[in-house]
Each structure stands twice: as C-alpha cells, then as structure tokens.
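Pasting the structures in now, so scroll down.
Two complexes, one shared chain (chain A), two partners (chain B, chain C).
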Partner chain A sequence: MALPAASRSLLLLGECVPCVKHNASKFKIKRLELDTNLLMYFRKDDFVYAHDPEKKCKTGDIVLIEQLPQKMTRLITHQVKDIIYPLGDITDPITGKKVVAGKFRDHIEEVNQVYGKLPTAFDYGKAPERGWLEDKKDFTHVETYIKYHKFKNDDQPYAV
Partner chain B sequence: MNLIKSTISIGKILHLNPNLTFNNSSIRRYAFKSDLKIKWVHPGKVSCVKPEKSGDLESMPEIDQSQYQLEYRQSKELETANDLAKKLFTLEFAPRYKTTQVYIRNTADTVRRHALDTGSAETRIARWTGAIRAMQELLERFPRNKRLKVNLKELIDKRKKHLKYLRKWDYKRFEWLIDNLNIVYKPPPNEFHWVTRKGSLRKLTQKYCDDLKAERLTAYRRQLESEQPGFLEEKIRSLEFICQEQKECGVEVTVTEEEINEVKRQLEALLKERKEKN
Partner chain C sequence: MPFMKGKAPVRRTLKYLEAGKLVLKNEIKVFTVNYNVHGAHHQGTKEFVFWYLPQIQYKNPNVQVATFKNMTPSPFIRCFYETGKQMLIDCDNKSKEDIHEHLLKIIGKTRETLEAEAIAREKKDNPANFGRGCDRHCICEIPGQIPCPEIVPLPNHMRGKFIYAKD
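Take a look at the complex of A and B:
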C-alpha cells in the first residue's frame, strides 16, 4: 500500500478520529488537491496513525504529529508531539484565556455573578476531566454503526 | 494433441477413483454461496421518536397535581381565596399542557445559570428535553397523531444538533448537561445504508472469520505458553551439557555460568507468576 501523500511531510496537523487501537490514535489530515481540469482545489482527507501509548488524544482534538524516524508497524508511521486544541476546551493564544464559542469564559462567569449565580449551575472548578462519561452516556470515542443483526445476548451499545 | 491427453488423464482419474465426483457447487464461479450456517435475524425497525433512539434514559415522571398552574403561582388574590377556588387553580383542573409546562420549567430549573437565564445553551436543551419527554408520553397514547410525531422528531433532531454544538464549544459543560438530563449522546455513523440481507450476511461472515482467527491465535498462544517451562528446562540442560563438554574437551568455554543462571532465574520467575495467577 502506498503511503498517503500527507504522511511524507515531517510535521502534520490532524484531527483525532475514533480508533480502536490501544497504543495509537488515528488522525484525519485535511489537504487541498488541485483538479487540473477545473483549476480548483478540492478537499481531500488522508488518515494517519500515530503512536500514542497513553491515548492522550481524544476524538476531535487538533494535534501536532511528527514522523517517526522509522515505521513502528505497517500503519503506525507517526507519533504525537503536542495537543494544540483539545475539543471544547479552547485557549485563546493571544490573551491566554479560555474561550467558549465567541465569548471568554470569565466574561460569561461575570455576567452570571451579576444576575446571581445559582448553586445548581455548572461550575468549571468542580467539573471532572473530559472523558468521565465515556462509554456511559457519551459515545463519541467510538465509531457508531447501524444495527444490522439481532445477536443472542443483544447488547450493542455502539449501534444506532 | 494436448487436449486429447488431458481428457484421457481426466478419464483415468475418474476411472480409478469412482468416489471422486464433481460437486457442482465447488466449481460454481458465479453468485458465490457460503456454506457457513449463519442465520441472519433482522434487528427490527425502531421508530426514531422512541426514547431508545432519541437517547432519553428517563421518561416524564408523575407530576404532583395539587400544585398551582404556572401563571397563578405569584397570585396575591389566590392566597386569600377559599379552598374551593384554590383547588380550581391547581393542575388537577387544568388541561394537560399546563402540567407539561410545569415539567418543562422544572427540567430547565435544574440546569439554569441564574434565575433569569432562559437563553443559554443548556437551558434551551433542558427545555426541549422536557418537551420531548412529554410528547413521547403523549405519542404512546395517541400513536396516530402524525403532527405530534413530526414535531417530536424535529425537536429531537434540533436537540441533537445543539448538543453537537455544545460539545464542540464546551466539552465539560456538555458532559455535565447530558449527565444531569440523563441523555445518551451517540454520534451519527460515518455512512448511511439500508439494512439488507446481503450486507448483513457479509458483515456476519467477516465477524465469524475474525472470531475464528482470534480464537485459533489464542489457542496457539496458550499452547506455546504451556510449553515454555519445559523449553526453559531443556535449555538449562543443554547449556550445562555444552559447558561440561567444552570443559572436558579442553576447548574454549563459550557458555558462561551467568547465562545458565539467567535462564534459571527466568524459569523461576515464570513458575512464580503462574502460581500467583492460579
């Protein structure tokens, strides 16, 4: 199998996608490919596996990956260098503040304080690290599939 | 000439082995049929408005019917009214949607940021969740109410879309919200397809082969592991023999004591590990 064109460069920025491997994460690398007939660029995704023994990367994170000096296995060609943007936990690079969509977190917090924050409201300080609902209520760490068969002990948590 | 030869040889084989017959299925090259006894059971269609599809882990509970309707909660006149009038303004004597209103308000109250918060993502999702659960209960009673079904489906999809946004923007809040509201969030599958016999049988066959492969590999691994202590003992014996022979013949001794001790240590550790496991 010829390696995808993206994996030939040394450093890559990719988005983590669900992967069942224990020691590696899968990354989607977006490239723009020139269609010479239309003279237009079209999106093309390549998938690359990177060594990640602790499974630091979660689905949706934007991660910097680095080419290994030599291939680890047939598939694992890269290693994780740094998690640039964890999904849903963005830090503004200029001010260093946490951001939610178009607003700063502390601005939202201040507004809540003015109105009188309720004790039942969400508090970032008490919130556990991402991933505590994995496999319980949050199934974004796996690829779901359409249920196609009724097994004997029918327990298919990843089927939709 | 060659053709004649080959026909003759085939004839010979057939003549010599009367048991050898050409099974039609073995040489069939088109429309391959599997010999595996895999029985496919259709999973059945689950309606998209059912709680198991929408991801709701709880349904609308019984609401206390003796409380006032929402709009009369703050009423000063009602405080001084007689008991009969008070009773008339409870949920018991109001249409069902008043009960639903109370339920929706209660659900939103559990996640509200502050008393006046009606527009934050979590409050809206909580409100929709209340509405969805009330509608699901109603649809159980009136399954032919198509307008209700359409509204319910649209609301479920909208909630799912906004959960997707919230997850992207603020993961911790998303987790807290689905835990509080008791919703299961499953991302959509990568590609959509209809459930067909052929496709399902292909997947089942693949699964059967994968399972078989894994099973045989584990059996082989177990067999090798059971042979491990015997192999190490044999290794120690051979190393000692070689050492002895080399010493007796007066040649350069290539096997050191350390090597033998290392193998002995390995064997000891292995046996100890096995013992602890059992």
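Take a look at the complex of A and C:
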C-alpha cells in the first residue's frame, strides 16, 4: 500500500537530521508502509524540510512539525511546532522528571552518592547547553564524510 | 497463511488486520508508543505493540504510528491532535488487553460512528442506490420502474380497494 506523501500531512513527528539550509531544518519521518505481498509493515523514511529560523532543533531531537498553510519554498512545506524530546535531555511526560535512557536522573544521583561520587563525574545541573563544542568536537550538526582528496585551497573542516 | 515467517505470522493475515477494532478519531494525526525492551512493567505495552500495532496502522493508514524504545523508565502512549493538544496514556503495569480497551473507549471511534460511516461509504459508492441521502428518493424516479402513483394512478389489479372489494 503506497503511503501518501509526507509533505501533505498536517502533523508529523520527526527526528532532526543535519541540514545545510539556513532557515530550515531537515526531519526524518519514520512511517510504516504495508508490503501487500507479505502483509507486513516495514519502516519507510521520508525527509521533510521545516521552517526553523532560530535553528532551535539540533540533530537527534524528536520534533513535532505542522504543515504551513502555504508552501514557503518548493521544499519547505512545514514549520517546527514543538520539540518533544531533545536529545540527551528527555523529560518523562508522566512524572515530569528528567531521565537518562530508562533511569531517572535523581535516582542515578542517589545511587552515585551511596557508592561515592568522583569529583570528575558529569554533573547534569552544571553542564552547559548542547552545542558549546560545535565545530570543535561536536560535528553532528553537519554531514561528515571521509576525506577522499586533499584540496589545495579547501580546508575541509567537515571531512573525517 | 502464505509465507508463514516470523513470530506469530497470524498477525500478517488479512483477516487479522481487517479484524482490528481500534479506529482512531479523525483529529488524531500521530500515535506514539514509548516502552523499554527489558522490565516487567513494560511487558504489557511491548505485547500491545507486538499484537495490536499492525491492526491500528491498517485501520488508520493516514496516521503516523511510531514507537520509541528505551527512552524513559515508564511506558506510555502519546497521541497528538490536529488542534495541538496531546493525549498521554500511562501504561505502567497494564496488560495489552487493558491498554486496548482503554484506547477504544478514549480515542477510538464508537461502533455507532463506524457503522454510520460504513453505510455512508456504501451509499456514495453505489450510484444505483435510492432512498435517504441518495440522488433519487423513491423507486418511482428510477427509469424502468412503475411511475409515481401520485401522477399516474396504478392499474386496478394492483390497487387494494379493487382487489379486496366485496361485490
């Protein structure tokens, strides 16, 4: 069963992927498509560009995007509505507490206190916002590639 | 069952998919389930995803159905409405049947709405239908049938007052 185009859906939930456009962010929409012969649902990824002038969304965030009443450009059809789960800083909607991959942060803190906390341990409260190491050690905001040739005038900062 | 592959291939039969009861309301556009792979209190949600998710996606082809694994310690279902509202359903320690029943009551279309929609679809499908809600109201409007007795009186052998008259 063919899926209707993602660009025509009113509301979508997508994961942010690196994008070069200035005012927009690219989102990967994970949807299930029915294979008519096997009668099985397989994952199909659609990419949608959404208007995000302040670049609120970082790579890996799960974001809710809604369709614009009128297309901004040929590709930008949606706009960012709400960041549901920012990467690394997920809040459990039921309790409202911060979580780390299946454990509550305060629970981990308490366990660490009992065992003895190292002074060099990562402190969530004092950690700076995501993005302070961008272009220095964090290259998730761009698509990196393996360097295949050394160009004379090009520094190639995003080649691995 | 052709291609009887995978665990519980009965989930991949057309009969099973058509038998899905949960048809989400029109305003719901995104349906997400968050659960962990390990943990006894997540087992119910995990089974719900295993058994009922194909049915839900089959009955709602225009809804984005997504699952997120190992993100939060508690399992839950989150629905996003067109209006911007969200519906959060806690599934901690609930069995798959409990979750399914709860969803049917809260965000599923009622049986009456579904039946009404099925009838409406049938009426729109078949142009030969007549009656309430169709183009032709009465059988007398259909070419080839007896004209309306209001305009042209029926022949005497079809009229009760002549057939049952005691003479």
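Basically, the second predicted complex is superposed on the first by the 154 of 160 C-alpha atoms of A that agree within 3 Å, B and C clash if a C-alpha of one lies under 4 Å from a C-alpha of the other, contacts with A are read in each partner's own complex, and residues count from 1 in each chain.
Keep in mind that, in the parts below, a residue touches a chain if its C-beta (ideal position, glycine included) is under 8 Å from a C-beta of that chain, and two chains touch if they have at least 3 such contacts.
Owing to the predicted nature of the structure, the values given are computational and were not obtained by experimental measurement.
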If you stack the two complexes on chain A, which partner ends up touching A:P93: first (chain B), second (chain C), both, or neither?
second
Tell me which partner A:V20 touches in the superposition: chain B (first), chain C (second), both or neither.
neither
After superposition on the shared chain, which partner residues are touched by A:A101: those of chain B (first), chain C (second), both, or neither?
both
Quick one: is A:Y115 in contact with chain B, with chain C, with both, or with neither? Answer first, second, both or neither.
first
Check the residue A:K81 against both partner chains and state whether it touches chain B (first), chain C (second), both, or neither.
second
For A:L34, decide between first (touching chain B), second (touching chain C), both and neither.
second
For A:V160, is the partner it touches chain B (first), chain C (second), both, or none of the two (neither)?
first
May I ask you to decide whether A:L11 touches chain B, chain C, both, or neither, giving the answer as first, second, both or neither?
second
Is there a shared patch on chain A that both chain B and chain C touch, and which residues make it up?
101
Counting only contacts in the complex, chain C reaches chain A at residues 3, 5-6, 12-14, 17, 29-30, 32, 36, 39, 53-54, 57-58, 61-62, 64-66, 68, 70-74, 76, 78, 80, 82, 84, 88, 90, 92
Contacts from chain A onto chain C in the complex sit at residues 1, 3-4, 9-13, 29-32, 34, 37-41, 62, 64, 81, 85, 90, 92-95, 99, 101-104
Over in the complex, which chain A residues touch chain B? Could you list them?
60, 86-89, 100-101, 112, 115-118, 120-122, 124, 127-128, 130, 132-133, 137-140, 143-150, 158-160
Please give the residue numbers of chain B that touch chain A in the complex, ascending.
40-44, 53, 57, 109-117, 122, 165, 167-179, 182-190, 192-193, 195, 199-200, 203-204
